[in-house]
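Two complexes come next, and they have one chain in common, chain A, joined by chain B in the first and chain C in the second.
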Partner chain A sequence: MGTKVIKQIAIYGKGGIGKSTTTSNITAALAEAGYKVMQFGCDPKSDSTNTLRGGDYIPSVLDLLRENARVDAHKAVFEGFAGSYCVEAGGPQPGVGCAGRGIISAFQLLKQQEIFEELDLDIVIFDVLGDVVCGGFAVPVREGIANHVFTISSSDFMAIYAANNLFKGIKTYSDKGGALLGGVIANSINTDFQRAIIDDFVEKTQTQVIEYVPRSLTVTQSELQGKTTIEAAPTSEQAQIYRQLARNIIAHTESKVPSPLDSQELRDWSSDWGRRLIEEETRPRRKARPRRAAALAS
Partner chain B sequence: MTIDLNDKPLPPLVKTNSIEQVRYPCSIAAMHSVSAIPRVIPITHCGPGCADKQFVNLAMYNAWQGGGYGGGAVVPSTNASEREVVFGGADRLRELIGATQNILDADLFVVLTGCISDLVGDDVGSVVREFRDAETPVTFAETGGFKGNNFTGHELVARAIIDQYVGPYDGPKQAGLVNVWSLLPYHNPFWRGDLAEIKRILEGAGLTVNILFGQHSGGVAEWKTIPQAQFNLVLSPWLGLDVARHLERTYGQPFLHVPVLPIGAKACADLIRRVVAFAGLDPAPAEAFIAAEERIYYSYLEDFTTFYAEYWWGLPAKFAVLSDSTYNLALTKFLVNQLGLIPALQIITDNPPEEFRPAIEAEYRTIAEDVSTEVEFEEDSYIIHQKLLRTDFGHKPPIIFGTTWERDVAKGLKAPIVEVTFPTTYEVVLSRSHVGYRGALTLLEKIYTTIVSASA
Partner chain C sequence: MPINLKTPVVESREQRLGTIVGWDGSASELARQSAYARGCGSGEGKGCGQKARRICELEGPFTQGSVCSEMMVENQAGHILDAVLIQHAPIGCGAGQVSYNLRFRNGLAARHKPVQNIHQICTNLTERDMVFGGVAKLEQSVRDAWERHHPKAIFIGTSCATGIIGDDVDGVASAFEAELGIPVIPLHCEGFKSKHWSTGFDAAQHGILRQIVRKNPTRKQDDLVNVINLWGSDVFSPMLANLGLRVNYVVDLASIEDLAQMSEAAATVGFCYTLSSYLAAGLEQEFGVPEIKAPMPYGIAGTDAWLREIGRVTHREDKAEAFIAAEHARIAPRLADLRRRLEGRKGYVATGSAYSHGLICVLRELGIEVNGSLVFHHDPVYDSQDPRQDTLTHLIDTYGDVPHFSVGNRQQYQFYALLQRVKPDFILIRHNGLAPLASRLGIPAIPLGDEHHAVGYQGILNIGESVLNILAHRKFHLDLAAHTKLPYKKWWLEQKDPFALAKRVE
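Take a look at the complex of A and B:
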């Protein structure tokens, strides 16, 4: 085995923001381009890799562990679109046990059995569940696992709050050898205004936007077929955007410590944007009035 | 080894957040409070090693007390592993309780949880409730290590049995029946003999006594009568007060708090008179009991006086007590009031909750009519030993009441040492007692045998 450094990245973001969809498209785009890539779903829902496998659920590492104390980690690795590898960490049923520890156990199992090296992977992408509620879900950003963290956020304030919280977590681990921030994947950005919000946020927190991904019906249609956009609509504009995102991630090398806003700053920042949003929405009416006035005058 | 105090300046004592040579284990060690009740068996729901460690700690290297009928090595454990962490340990616990029901013959099982279950949030209550109709009733107490020490665990266990097993009661009270909350079983190596003597004295005063733990307890049948008692007696500086308050709320039972566990005739008579007054009993039989006990007690003391007066040159004048609060206060009181020794250093090592500390301090300020002393609270043996080394005991070494941890320091000070609390490794204790009338005489024998045998 060579001394190849496996690129390990972790994708975080608010629940339902599009982590699994975006991650699966990145995985698909990289696999299609010939990279050896594994998508590692870190979510007890175990639905991260569905669209890479035609809508199929795969047994998770913890499903295997539940049945048997000794687990052959190979049994948790499944092949997906274009030779990509799919793994789901899994977890306990909601309300019992410790899902955070589950993520740790699942990751350690693969690591102990040197699966990443054996598969000669180029890149592993961790798709981590929405709300990092305890130490277990912070595992991918801790020392020696992911080298880069990307956050997915839309321009919605709740998504930005979640991103800002993640920045705090990254900052906490940053001086302990933890992963640093690669940037923000801006999802569901369809207007200039949405773009301006996210641009302002990354500027304030000293990071960058890796790619702007619009909200698109193609994504929904593909998902309904149990596929990624890359697979279901390979020639679509949205597929091109995901490919560009994948290229940017592969090319990315230097991650940084972000400067999260403190809670007061964040509140001020969002109320400022809230004011502008109201102005934005009321502007057409104000615009209309002079015109009408002009019409009356004529 | 000699320690020259005058040679080099001693470094200042700084409290660190680490503890050297522990003086109490964590709350799951209260599994011993369960097995201290005849025919009641603890079931532990914890990681491998927790139950065994507490057994070895408290019942082996502490006066070699042994496990008894259902304690020690008998205690079933789920031995929770990573799987129980991730998926929760409810299934494993259910399996264990079921198997225990089949194998172990007991009157009551008490499940004690450890850190894993309490952190992960296993719904132990609902698992236990599934055994509602089982042959042997089951109760549970959440005793994860982070809840506190075994003193905390003891109160959690007592409350769990009361709330889940004894249950509601609004029938009549039985005049003269008392529940006694005193020493921590097993932690205090002499608890068995001490509780027996306490029971004997209170019965002598005319009461019917629920002693609740040890050989003289009537087991769960006795616990069932807790709500019928006229009152609760808390016989310790603080342990048991929470339970008594709980019983006051639950069953409307008043309680009497006597901080001093009685050692010797004086303290015993004080206790008996207070209890008799509180219970509204006829004082005549109690006074007759006191008179009869004192006649014997003082006749032995008379014999002892010959030795005490003649051997004065070889006896220590000052003493240090480094122990849990109950024994600390009891010994200090006895040594000052009945032997005329001078208190030089009193350190309480069981980490009493802050709310109880001012009252405990006040007890030491009025230790005798004409003697006032200070007490300190410390858990770290490093600091305790440093304080011992820095105390001025005058021209003769003091006698030290403490634990096995003090052996080396005592040797350095050329001081005789009597081990009285956890860990007491160099004693084998069965029924010996240090309290009451009879125990006080045994204590005198122990103290002065230790002293005179030093020159053997």
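Take a look at the complex of A and C:
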């Protein structure tokens, strides 16, 4: 059993923002590069790891708990693309039970049975549902679990609102040994204007963009085959961007306490950008220049 | 590795040991299915693999009464002399404070210690806290605990409510530990986490092992034995003094220093493996303090083996043998007299699991017939996984089988048929709620409020005297039976099988 420190990161973001897609591509890129990596899906829908397993759903930790008085958590670990490990926390049907408690239970089972240590992992990536709506969804950012949190956001206001909420959660736990913020994965960034919005948001909240990821048809085509872009289109430009994102995450060491905007600041900020958006709409759209994330300090 | 102290949350009994709360059959069949000393068909318990035992469990359609893991945290962490227990819970969880205060005060008086009240604070969570989180109240309560009592440690027991909303109790504990400079220990004891309350013992002991027991002690106390017990009278000190050993009673009525020095002791024992299993195994695994691997000190054979093992581990074999011989000689005349007077009597034991195994040994030593027993749960193995601790097999091998050995978590409605099956002259109990039903059947009960009453050689005589005393009340109980009736319908009273409802097919 290894004694090394396992790098544990949590990736949060609003539902539908491309969180699982991006996380799975990071996992695939790291596995392909020789890292022992586990992706841990924390969404009751249990679909985080699908594209690592050819579109297959896997039984979740909580499926085991539903069916057995005693749970062998090893049975919830499945192998995915390039030797990566896939786990889904699972959860109740929509509208019943408590999904937040589900995440707590699933985490405890894996930690008590020392699954991460047994597998001698280098990195565990938690793919966590949307907003931090209750204590259960904050578990990955708490003491002793994730070391770094990244949030995925597009330039859409609702995605930024979710990211700002997450920053509040991180700030709450920051003085109790919780995980700090590594940065924002800027997703679906295809124009300079979208980039400008994200850049302004990270500047205001005192964080950084870890990588800009454009929207790409290659991703959709790969997902329709039940695969990550790394697997389905390994030589594509998009795969290279995901590989760079994975390298940035592995190289990242220093996370910080973010400075979330309060409700009024967020409203003012968004209405200001709303005005600039109307101005922008009156001008012809330009394509974003392909460039590396400028803010990568580490 | 049987015990995992890396995470603040204890693994439940059913997960670690395969604990069950419903079963009916003979003791020998239960021992076979437990696959402990009886092994997995090979005669070697080790071959079964850790955490591997599975016993088919009877599940009834309802539960008439039980106890919560959180209450076991109250009776352990809440009964430490210079600590405070904060119950991070709605006020209902604090209802037990009244009865636990009584036990604490009585226990202190029995041990000739200054009598004081428990130091427990309930955060009194309300609807608003469920919605917005209860951490602020918890922080306030930790400050209150510190300002009022200046304790040596603060324990924080969780509740179902905080477990569901996911309050970050671990984070609060870490922050205050740094701020106050004393251990602040989260104890995860949500009632829903385990089917049996004894997981609450483990939760308290888990926190003590992680944050109180002295790591890397600079001295070793070769004459100190940790005795894991509750509030029982001081029976172990005079007994072990014969071997030149001192006693460190834990967890109840102990100080934080008593708990911290457990890692310096020469050995660990307990009065009941149900209570001591986790802490004793943890002390051996983490701190190298040997747990005594023997049957428990009940009946002559059990006490002999227990003392010999303590003698071996602490290098006092000669003293142990001398004490055993002297005690055999001392009790022999009175034991012979008691056996003569108790001949033909039938007893029934309804207590916690391992304790029942010990008590049946004592009754059988007195020549009393024991055809049935109710234990409130059953652990197929204990945390040490060592077959020498298989108390059930020790009972069967030494004193013979118990034909009606039932596992059920204190269900009154089952107790009627359980007693009808064997028609005892008296019952031995420790927990409340069982004596009234027996009395209404004309059966007197011996309530073992002092759990050490039956321990060792003297314990055999004590129980013999108690049985004689209680049998003198038989007429009173027969009168009670003649003038009372049971609250059950005729249909249920006619059922021969106490577990009929669990086996019923709709």
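FYI, the second predicted complex is superposed on the first by the 280 of 298 C-alpha atoms of A that agree within 3 Å, B and C clash if a C-alpha of one lies under 4 Å from a C-alpha of the other, contacts with A are read in each partner's own complex, and residues count from 1 in each chain.
We adopt the following convention: a residue touches a chain if its C-beta (ideal position, glycine included) is under 8 Å from a C-beta of that chain, and two chains touch if they have at least 3 such contacts.
Everything numeric in this text was worked out from a predicted model, so none of it was measured.
Enquirer: Just checking: does A:A162 make contact with chain B only, chain C only, both, or neither of them? Give me first, second, both or neither.
Expert: After superposition on chain A, A:A162 lies in contact with neither partner.
Enquirer: Examine A:I170 and indicate which partner it touches, taking first as chain B and second as chain C; both and neither are also allowed.
Expert: Touch partners of A:I170: none, neither chain B nor chain C.
Enquirer: Specify the partner with more touching residues on chain A, choosing between chain B and chain C.
Expert: Counting contacted residues of chain A, the larger count belongs to C.
Enquirer: Who does A:K111 touch here: chain B (first), chain C (second), both, or neither?
Expert: A:K111 contacts chain C only, not chain B.
Enquirer: Can A:G178 be said to touch chain B (first), chain C (second), both, or neither?
Expert: A:G178: touches chain C, not chain B.
Enquirer: For A:A138, select first, second, both or neither according to whether it touches chain B, chain C, the two together, or no partner.
Expert: second
Enquirer: In the overlaid three-chain picture, which partner chain does A:G102 touch, first (chain B) or second (chain C), both, or neither?
Expert: first
Enquirer: Look at A:I189 in the shared chain and tell me whether it touches chain B only, chain C only, both, or neither; answer first, second, both or neither.
Expert: Touch partners of A:I189: none, neither chain B nor chain C.
Enquirer: With both complexes superposed on chain A, which partner does A:A232 reach: first (chain B), second (chain C), both or neither?
Expert: A:A232 sits against neither chain B nor chain C.
Enquirer: Does the superposition put A:L65 against chain B (first), chain C (second), both, or neither?
Expert: first
Enquirer: Considering each complex separately, which residues of chain A are in contact with chain B in the first and with chain C in the second?
Expert: 69, 98, 101
Enquirer: Looking at the complex, which residues from chain A come into contact with chain B?
Expert: Checking each residue of chain A against chain B gives 62, 65-66, 69, 91-93, 96-99, 101-102, 105.
Enquirer: Which residues of chain A touch chain C once you look at their complex with the stated criterion?
Expert: Spelled out, the residues of chain A in touch with chain C are 69-71, 98, 100-101, 104, 108, 111-114, 134-139, 142-144, 173, 175-178.
Enquirer: Which residues of chain C touch chain A in the complex?
Expert: The contact residues of chain C facing chain A are 1, 4, 6-9, 11, 14-15, 18, 51, 54, 57, 133, 163-168, 170-172, 174-175, 195.
Enquirer: Show which residues of chain B lie in contact with chain A when the two form their complex.
Expert: 81-88, 90, 119-123
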